[in-house]
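Would you mind keeping the following structure in view while I ask a few things?
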Amino acid sequence: MKPVPLAYSARNLWTRKLTTALTAGGMALVVFVFAAVLMLEAGLRQALVATGQYDNVVVTRRAAGNEVQSGIERSQAAIIESQPEIAIGAGGVREVSKEAVVLIAQPKHGTGVPTNITVRGVGAQGLALRPQVRVVSGRMFRPGSTDVTVGRSIAERFDGVGLGARLRFGGREWTVVGVFDAGGSGFDSEIWGDGEQMMQSFRRQAFSSVIARLVDPAQFERLKARLEADPRMAVDVKRERVFYEEQSEMLANFIRILGLTLSVIFSIGAMIGAMITMYAAVANRTGEIGALRALGFRRGSILASFLAEALALAVLGWVAGLGLASLMQLVHISTMNWQSFSELAFAFALTPGIVAQSFAFAVTMGLAGGVLPAVRAARLKIVDALRAA
Amino acid sequence: MNSLKLILRNALRHKLRTGLTVVGLIVAVLAFGLLQTVVDAWYAGANSAAPNRLVTRNAISLVFPMPLHYREKIRAVTGVRGVAAFNWFGGYYQDPKNFFAQFAVDPVPFLAMYPEYHVAEDELRAFLRDRKGAIIGRKLADRYGFKIGDTIPLQGTIYPGVWTFTVRAIYYGADAKTDDSQMLFHWEYLNETMKQRVARRGDQVGVFMVQIDDPQRSAEVGQAIDALFRNSLAETLTETEKAFQLGFVAMTEAIVVAIRIVSFVVIFVILAVMANTMAMTARERMPEYATLKALGFGPGYVARLVFGESLAIALGGAGLGVALTFPVADWFGAELGQFFPVFEVSAGTVALQIACALGVGVVAALLPGRNAARVRIVEGLRAIG
Amino acid sequence: MTPRDDGGAAASGVIPAQAGIQQPLISLRGVSKSYRRGGQIVPVLNGITLDIQRGDFLGLMGPSGSGKSTLLNLIAGIDKPDAGEIFVDGVDITRLGESELADWRAGSVGFVFQFYNLMPVLTAFENVELPLVLTSLSRRERRGHAEAALGLVGLADRMEHYPSELSGGQQQRVAIARAVVTDPKLIVADEPTGDLDRHSAEEVLTLLDRLNVELGKTILMVTHDRRAADRAHAIMYLDKGELSSAGDIHERSVREARL
C-alpha cells in the first residue's frame, strides 16, 4: 500500500501556520507541565538519594518518622557501636557517628519568613562517613567547639547565616565558620556542628540517630535482624540510601500524583484542540481526498496521511514543550520536606527517561486527537468527496 | 432576526467543532476551579483561625517543647482568659497511611476557646469522666466508622508505644470551614503515661493555646507572654493563630506558588484551542461577512457577531464547567480528606472561573473579529475559505 | 460506439477475445444505479448498455441531474452500479474489490475534473508525479515521465509553480498532464472546460484532441458546453436514465417540432 507523500502532510501544516502554531502550542504547554512535574520528582529523589552511601546504615527509634522525632539512648548507642558488622577505620576507631538532630527557625532570604532548618550535631566520624561533603569556604567546625558549618543551599537562601554570623539556640551562641558543599544532596540544606556540644546545650540524654559504615554492605541483613530483635532497644535499621528515599516519599508521591493528574486533565484540552484542527483539515480538503482516492490511493494511505499530520503536530509540541521544560533546570526549588519538617532545596532534573516518557505522552495525545478525523477522512466515499469539492 | 439569534444559530452550525470546543472549555474551567480550591484548602487552617486565640510555642522551633509550669504563668498575664496545653500526638491507626490529626489538650479551656466545636452535653460529660476518653470529629467517625464506645488503638511515633482510647463524644464543626476530622484526648493522660514510660519526657508541653479577652490587644498580650520567658532555656514566641497557621503555609510556599501558576497554564491551553476554533470559523465565513457588509451592515456589526459567537461558546462551556466543579470537588474532598480536611469551592473561585472564561472568549475573538470587520467586500465574496 | 439493446452478459467477468473482431475498450451491460435522497429512492441510470471502442473521443451530454457524471464515475471505477456489468479492456470492474479497484484505477484511468482538484500544497511537477508514486518506478524514472507529461501540455517551464500561481487554464493542463502520466488506456473528463474562459477552454480542448489523435487515448467527456461537445468525435445524450445517440435526438426534436 503506497503512502501519500509526506510532503503533502508537512506542507499542509506549513500553509496553515497560525492553526499549526496554536494547536502545537497547546500541546507544548501540556508536555511542559508533564515533563516539569516528572523533573521535579526526579530532582527531589536525586537530592535525597544522593544523600545516602550504599555501605552506610542509619539506626533510628522504631516507627519514628524522621531523625528529629527519634531518640536513641547513650547505652543503646554503645551497643549499636559494638556490632561486628561495623567497619573499623584508621587508628582502630569504629566508623560510627552518633548524631543529634534538631530544628531551628531562621528567616528566609528575601521574604524574611522564618523557616525550619535541620541542625545536625555529628560524631567524630561524621564527616568521614559522608565523603561527598567538601568545604568550599571558611573551614569545617572544630570538634568540641561551638562552631557550625552551613550547607551551600542554606548559605544561599537564608539571612543571618553568613561567615562569622552568630546563631542562637540551645541557650548558647554558635558561630558560622564555613560553608560546605554536599554535591546537591539533602545535606546541602543542613547546618552541621559537634554532636556532643549540641547534646550538652539541649540537655539531652539521647541521640537522634546512629550512622555507621559496614565492613561489607552484604552484611546489612544480619545486622538489621540482630539489632531489631534486641530486647534492650526498639530500633529500625535501614540502609542510608533507603532511609533518605523514604524521607522523600510523601512529598514525591504528592508531586507525582497531583502532577500526573493535572497533566492528564490538561492533555484532554490539547487533544480536543488537535481534534478540532484535524476535523477542519479533513473538511477543507475533502475534494483533495476524493482526488487522491480517484488516483488510486487506498483508504489506509489516507488514514495514515492524516494521522501523520496529527503526529507531526504532536512532535512539534513535544519539541517546544520539552525545550521549555529543560530551561527549568536552571530553577531551584526550596520547600519544607513534610516528613522531616525542615528545609529542603532541590532542582528540576531532566533524565533520558523523562525525555522518552514525554515523547510517548505527546505521541499519544497526537494519535488520540487525530484518529477520529483520520478515520472520517478514510471513510469518505469517492463520489461524495469529489462532489463536495 | 436579531443578532443574538444569528449568533446562536451560527455557533450551532458546526455542531462537532462547537461541541468539542465546549468540552475543552469545561475541562479547563473545571481543572482551574479544582486547582484554585486546592490552594484555598492549603490556607484552610489560616482561614479558620479566630482573632481571639494566640499560639505560644518554643521560639526556636515548634519541635521543641516548653515546661508545664509555663501554663500558670501565662494564665496570670493580664488579658488572658484561658490557657490550654496542646501537644501534637502524631500517631497512626493500624497503618502508617491512616493518619489524622490527634491532639492531647486540656479539654475544658480548649473547648471554651473553640466554640465552633459543638459537642453534646452528655457526651462531653462522659469524656471528662474518662481519662482515656477521646472526642472525635464527625468526618473522622464517618471515615473509619467509629461510634461512641469504640476503642481506638493508636501507634505512637513521637510518643512511642501503643495507646488505646475510647470514643466518648463526637464533635460537629459549626460551619464548612471547621475541620471536623480531628481527635482530641486528655493531656493529663499523655503526661502521666509519659512520666511512667520515659520520665525525662514528662511535663513537656508542645504548644499553649491562649484565649484572650480583646483581639485588639493581641500584639501586646503576646509580647507580655514572651517577656516572661526571655533568657530562659525555652524562650517562647507568641503569635495570633492566623499568623501561626500562615507560618505552615509559608514553609511549603513554593508548592503553592507552583500550583497557582499551573492553574493558569490550563487557561492558556484552552485559549490556544479557542483561538484556533474562532480563527478557522471566521476564515470560513469571510464570504458571509463580506455579504453582510455589502448589504449595508457596518464593520462593528460583523465584529460583534464574531465576539458574540466566541463569548457564547465560552460562557456555555464556563457555565457547565462551574456546575461540574461542585460535585467533582466533593468527590476530591472525600478522596483526599486526609490531606485537605476542608475542601470547599469558594465564591471567589467561581468568579475567577467565569472571568477567565470570558477573558478567553474575548481574546480568542480579537484577531478574527478584526479581520472580519476589515474584510474588503470584493475580496471576501471571492474567497472560498 | 452504439447503444445496443441486447443484454448478453459474460458470466466469468471477462469477455474472451474473439479472433479478428476489434474488442470494444469499454462495454456496459444493463447498468443501473439509483440514489437515496431524503428517504426516497431516485433512479438515475436505467439498464444502460453501451460499447466504446479504443480511440473513441466521446462527448456525453444531458440535462442536469440526468446521471451523466454518475455514468462517468461508474466507468472510471470510482462508484459501483446497483446492477449490470462494466467491462474495461476485458475486465469486469464491477467484480473488483475496493483495493483492486484502486490499483486498477491507478494504472488504467486518467481523471480530469471541472475544478482541477490539484493538491494546492504540491508544485505542478509534484502533482503530475503523484500517480507515479503508486507505481514501483524509481525516483529518476518518475521524474522522467512527469517532465515528459508536462512537456506534452506545454508547461515544462512552470514545473515548480504552485497551483495558486497558475491560471485556470494552466491548472487544467497540469491536471491533464497528471491524467496521462501513467499512460492510461482511458481518460475521463467531467466538465473539463466548465470553469474556464473561452481561450483557455480552447487550449484544453485542443490538447484533449491531440491526446486522442496523436496518442490514441480513448476519451470520455461529460459536458454541457456545446462548443466542447463539438470537439468530440461523437456525442451521446443521457436523459431520464437512458442513452441515445446524436442521430436519435435529432429525429426526436424534428418529430416534436412537427407536432
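In this document, chain identifiers A, B and C correspond to the written order of the chains, with residue numbering beginning at 1 in each.
Methods note: contacts are C-beta pairs under 8 Å (C-beta built on N, C-alpha and C of every residue); 3 or more make two chains touch, one makes a residue touch a chain.
Predicted, not measured: the structure shown is a model, and the values here were computed from it.
S.K.: By CA centroid distance, what chain is farthest from chain C?
M.R.: B
S.K.: Using the touch rule stated at the top, which two chains are linked by the largest number of C-beta contacts?
M.R.: Chain pair with the maximum contact count: A-B.
S.K.: Give, as an integer number of Å, the spacing between the C-alpha centres of chain C and chain A.
M.R.: 66
S.K.: Distance between chain B and chain C based on Cα centroids, please, to the nearest Å.
M.R.: 71
S.K.: Go ahead and note the Å separation of the Cα centroids belonging to chain A and chain B.
M.R.: Whole-Å distance between the two chain centres: 25.
S.K.: Residues of chain A that touch two or more other chains: which are they?
M.R.: none
S.K.: Which of the residues in chain A end up touching chain B in this complex?
M.R.: Where chain A meets chain B, its residues are 18-19, 22-23, 25-26, 29-30, 32-33, 61-65, 68-69, 102-105, 111, 113-116, 169-171, 203, 205, 234, 254-255, 258, 262, 265-266, 268-270, 272-273, 275-277, 279-280, 284, 333-336, 338, 341.
S.K.: State the interface residues of chain C toward chain A in the complex, per the touch definition above.
M.R.: These residues of chain C touch chain A: 73, 76, 78-79, 98-99, 102-107, 111, 113, 115, 117-122, 126, 130-131, 133-134, 178.
S.K.: Along chain A, where are the residues that touch chain C in the complex?
M.R.: The touching residues are 2, 4-5, 7-8, 11-12, 14-15, 287-288, 290-299, 382-383, 386, 389.
S.K.: Which residues, counting only chain B, touch chain A once they are in their complex?
M.R.: 16-17, 20-21, 23-24, 27-28, 30-31, 35, 38, 59-64, 90, 155-158, 160, 200, 233, 247, 250-255, 258-259, 262, 265-266, 268-270, 272-273, 275-277, 279-280, 339, 385
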